[in-house]
Amino acid sequence: MFAAVRSVLIRDLMLAMRRRADVLATLIFFVIVVSLFPFGVGPDAELLRVLGPGVIWVAALLAAMLSLGRLFAGDYSDGVLEQLLLTPQPLAALALAKVLAHWLLSGLPLVLIAPVLGLQYGLSGEALRILVITLLLGTPVLSLLGAVGAALTLGLRGGGVLLSLLVLPLYVPVLIFGAGAVDAGLSGMGVEGHYSLLAAFLLGALILAPWATAAALRISVE
Amino acid sequence: MAINWFKYSSPASFYPLAGRMIPWAMAVGVLTGVAGLYVGFFVAPTDYQQGESYRIMFIHVPAAWMSMFTYIVMAVWAVAGLIWNTRLSSMMATALAPTGAMFTFIALWTGALWGKPTWGTYWVWDARLTSELILLFLYIGFIALQASIDDPRRAARAGGLLALVGLVNVPIIYWSVKWWNTLHQGASISFAKAPTMAAEMLLALLLVTLAFWAYTIAVALMRVRCEILESERQSSWIYETVEGLR
Amino acid sequence: MLEVTDLECVRGDRRLFTAMNFSLRPGELLHVHGPNGSGKTSLLRTVCRLMEPAAGEIRWCGSPVRALAEDYLAQLLYLGHLNGLKDELSGRENLAINATLAGSRITPQQTQEALFRMGLDGYDDLPVKLLSQGQKRRVALARLLLNGAKLWILDEPFTALDSVAVKTLQAILAGHLDSGGVVILTTHQEFVIDAGRVKRIHLGA
Amino acid sequence: MAEFFAMGGYGFFIWMSYSVTALFMVTEVLLLMRRRRTILQRLSRIRKAKIGVGHEAQT
């Protein structure tokens, strides 16, 4: 089973390396969305400092949406997904491998570049640290929950919009506690509560989402 | 699967049963609705803090209750359909969704109209309004997903799974929003306590809730009958049972 | 070995077939034929458990496949309309990943031999997207040589193959039947199998 | 009467709430009735077509 999980993971990473433009596009989208906000709300440093964490988090949600559409679409259209369903491996484990690959390719880069964008918004070192930790805990949840939506909307017309409609409401808790942590940390309220809640979400999603994704894939391939 | 443990789980026998139930449910709905409005407008006293504006409560609160109950009932039907692969359960879920979404919208709409005279603004990011808004998105997602799938079996199963995921998430979302709201707003506008609930007010609330329940049942049954007619157009019983086809 | 009883298949609101019965013993091949849209692919996908049957049962070696779950899948090899190959990867990489997922260990040597037998010597390192339609199909068919599955389910395996490749595939199928395997396939083409026994099912009016 | 409709100055909010609710509920019922009629008409056309060709309704 681990050999199979590893080979799916490596295959997805390998494919991404041969099609780097897709990975880069998500990252650049993230950077552009974050950088656009000051044009909308004005360059007031104080205002931007307050908005910063929220803007970065919302942009991360949107970037995740953008990349989720591709999570299973390629495998669906060339028949690889059928073959995955027919392997004598637990489908949830294979789905988890694909989600992990998705996070490494589109979640982790966002986490790494977020501090740079945070500087644009004048966030302090402490705020940046909290932001990175929450993103690190939160973005895998986005990938895990998003995978369920991506699997459900596979091959449907208007898939992208539909996917956002299904998944974005489910992201609300992650958004609240992810973006809220920076505020809580800076106002001295203690940020551990946020961390543990995000970790709990991650754990819950890690346990439940692969099963739901596997079930959704079976429904969509039929 | 071998025993038909519930006779009415087959569309053919449920269709006429539903037809007999609809007028009764409608009648109960209209009667309790009229009674509720009468008590609400002519018996219940004017609130000493909010004046007459609190009378919006008589639809706002029942609509909000309905929106949540309906979601749970819908999800339970959908999940039952997913587990036991019974067509009728999934159809019930599909039939409940638009009415649930409608009550969610009504709760939002009346909440906004109640908010203006009470809080001075149509929209506040109050925990209840916000989670109601997210609930509306969940309903719309369910409806949109089913609408974009052509194969009825896939639509039923995908909807069931989505409803299950939603059901797990609803408490988390509700609780997060509540927490978020108390953190940002303080407890300045808790209005559950504001109108001291007179017995007449409670009576009106309960009557309207009952009316909404009966209405939802009637409308869901009407919709389920349409779903059955559409999906069973190949079966001969349709042509034997349905009046007006001869 | 494989028994199908009273199988019924519904697609959308169309009833494709009802009361389908057949059984296959080791060394038997089932040729499913019928016009387009008669439910050939649906039958194959149902036997693979990609689709849930509306009614009926499929048994493998006496046990229902529903209960066997992954043990059944380990005995099964399915090749659909789609080749199930990643365009960006080479034939060799595709086959290696497929084998790992199927739970079988193969050496690069074996992959090389399989591709050679399919007449793809020298193409094994090219990304699949550079191959022709027939060459892609042959890469997909090379899986037959690298998999220990007893039950082969092949949807139109002869499409896009040239006459040499058709002969090779016939030989591979015959070898599989000789070693006690079972094959279900659909095709519009005539084919000759010297080994085993060929059964036929006609679908549609 | 006018006093009743004014609702102590809150008439606009109250009647907008109640009228929209009533409108939605009535519209939903009407739409469902129309949907049912359309389906029944289509079914009876299908039935007539079947009889016309000389086939009986499918069994």
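Chains here go by letter, A, B, C and D, matching the order in which they are written, and residues are numbered from 1 within each.
Assume a contact is a pair of C-beta atoms (placed from the backbone, for glycine too) under 8 Å apart; a residue touches a chain by one contact, two chains touch by 3 or more.
Owing to the predicted nature of the structure, the values given are computational and were not obtained by experimental measurement.
Should one ask which of B-C and A-B has more C-beta pairs in contact, the pair is A-B. Computed from the mean C-alpha positions, the centre of subunit A lies at a distance of 42 Å from the centre of subunit D. Per-chain CA centroids place subunit B at a distance of 48 Å from subunit C. Put simply, the C-alpha centre of subunit A and that of subunit B have 32 angstrom between them.
Taking each chain's centre as the average of its CA atoms, subunit B and subunit D sit 17 Å apart.
Across the assembly, subunit B contributes 153, 233-234 as residues in contact with two or more other chains.
For subunit C, residues touching at least two other chains, in rising order: 52.
None of the residues of subunit D touches two or more other chains. Here the chains touching each other pair up as A-B, A-C, B-C, B-D. In the complex of the two chains, the subunit A residues touching subunit C come out as 3-4, 7-8, 11, 14-15, 18-19, 74, 77-80, 82-90, 94, 221-222.
Of all residues in subunit B, those touching subunit C in their complex are 85, 150-153, 231, 233-234. The part of subunit D that touches subunit B in the complex is made up of residues 4, 7-10, 13-14, 16-18, 20-21, 24-25, 28-29, 32-33, 35-36, 39-40, 42-44, 46-47, 57-59. The part of subunit C that touches subunit A in the complex is made up of residues 45, 48-52, 70-71, 73-74, 76, 78, 80-89, 93, 96-98, 100-103, 127. Of all residues in subunit B, those touching subunit D in their complex are 41, 46, 51-53, 55-56, 59-60, 63, 98-99, 102, 105-106, 109-110, 113-114, 116-117, 215, 219, 222-223, 225-226, 229-230, 233-236, 238-239, 242, 244-245.
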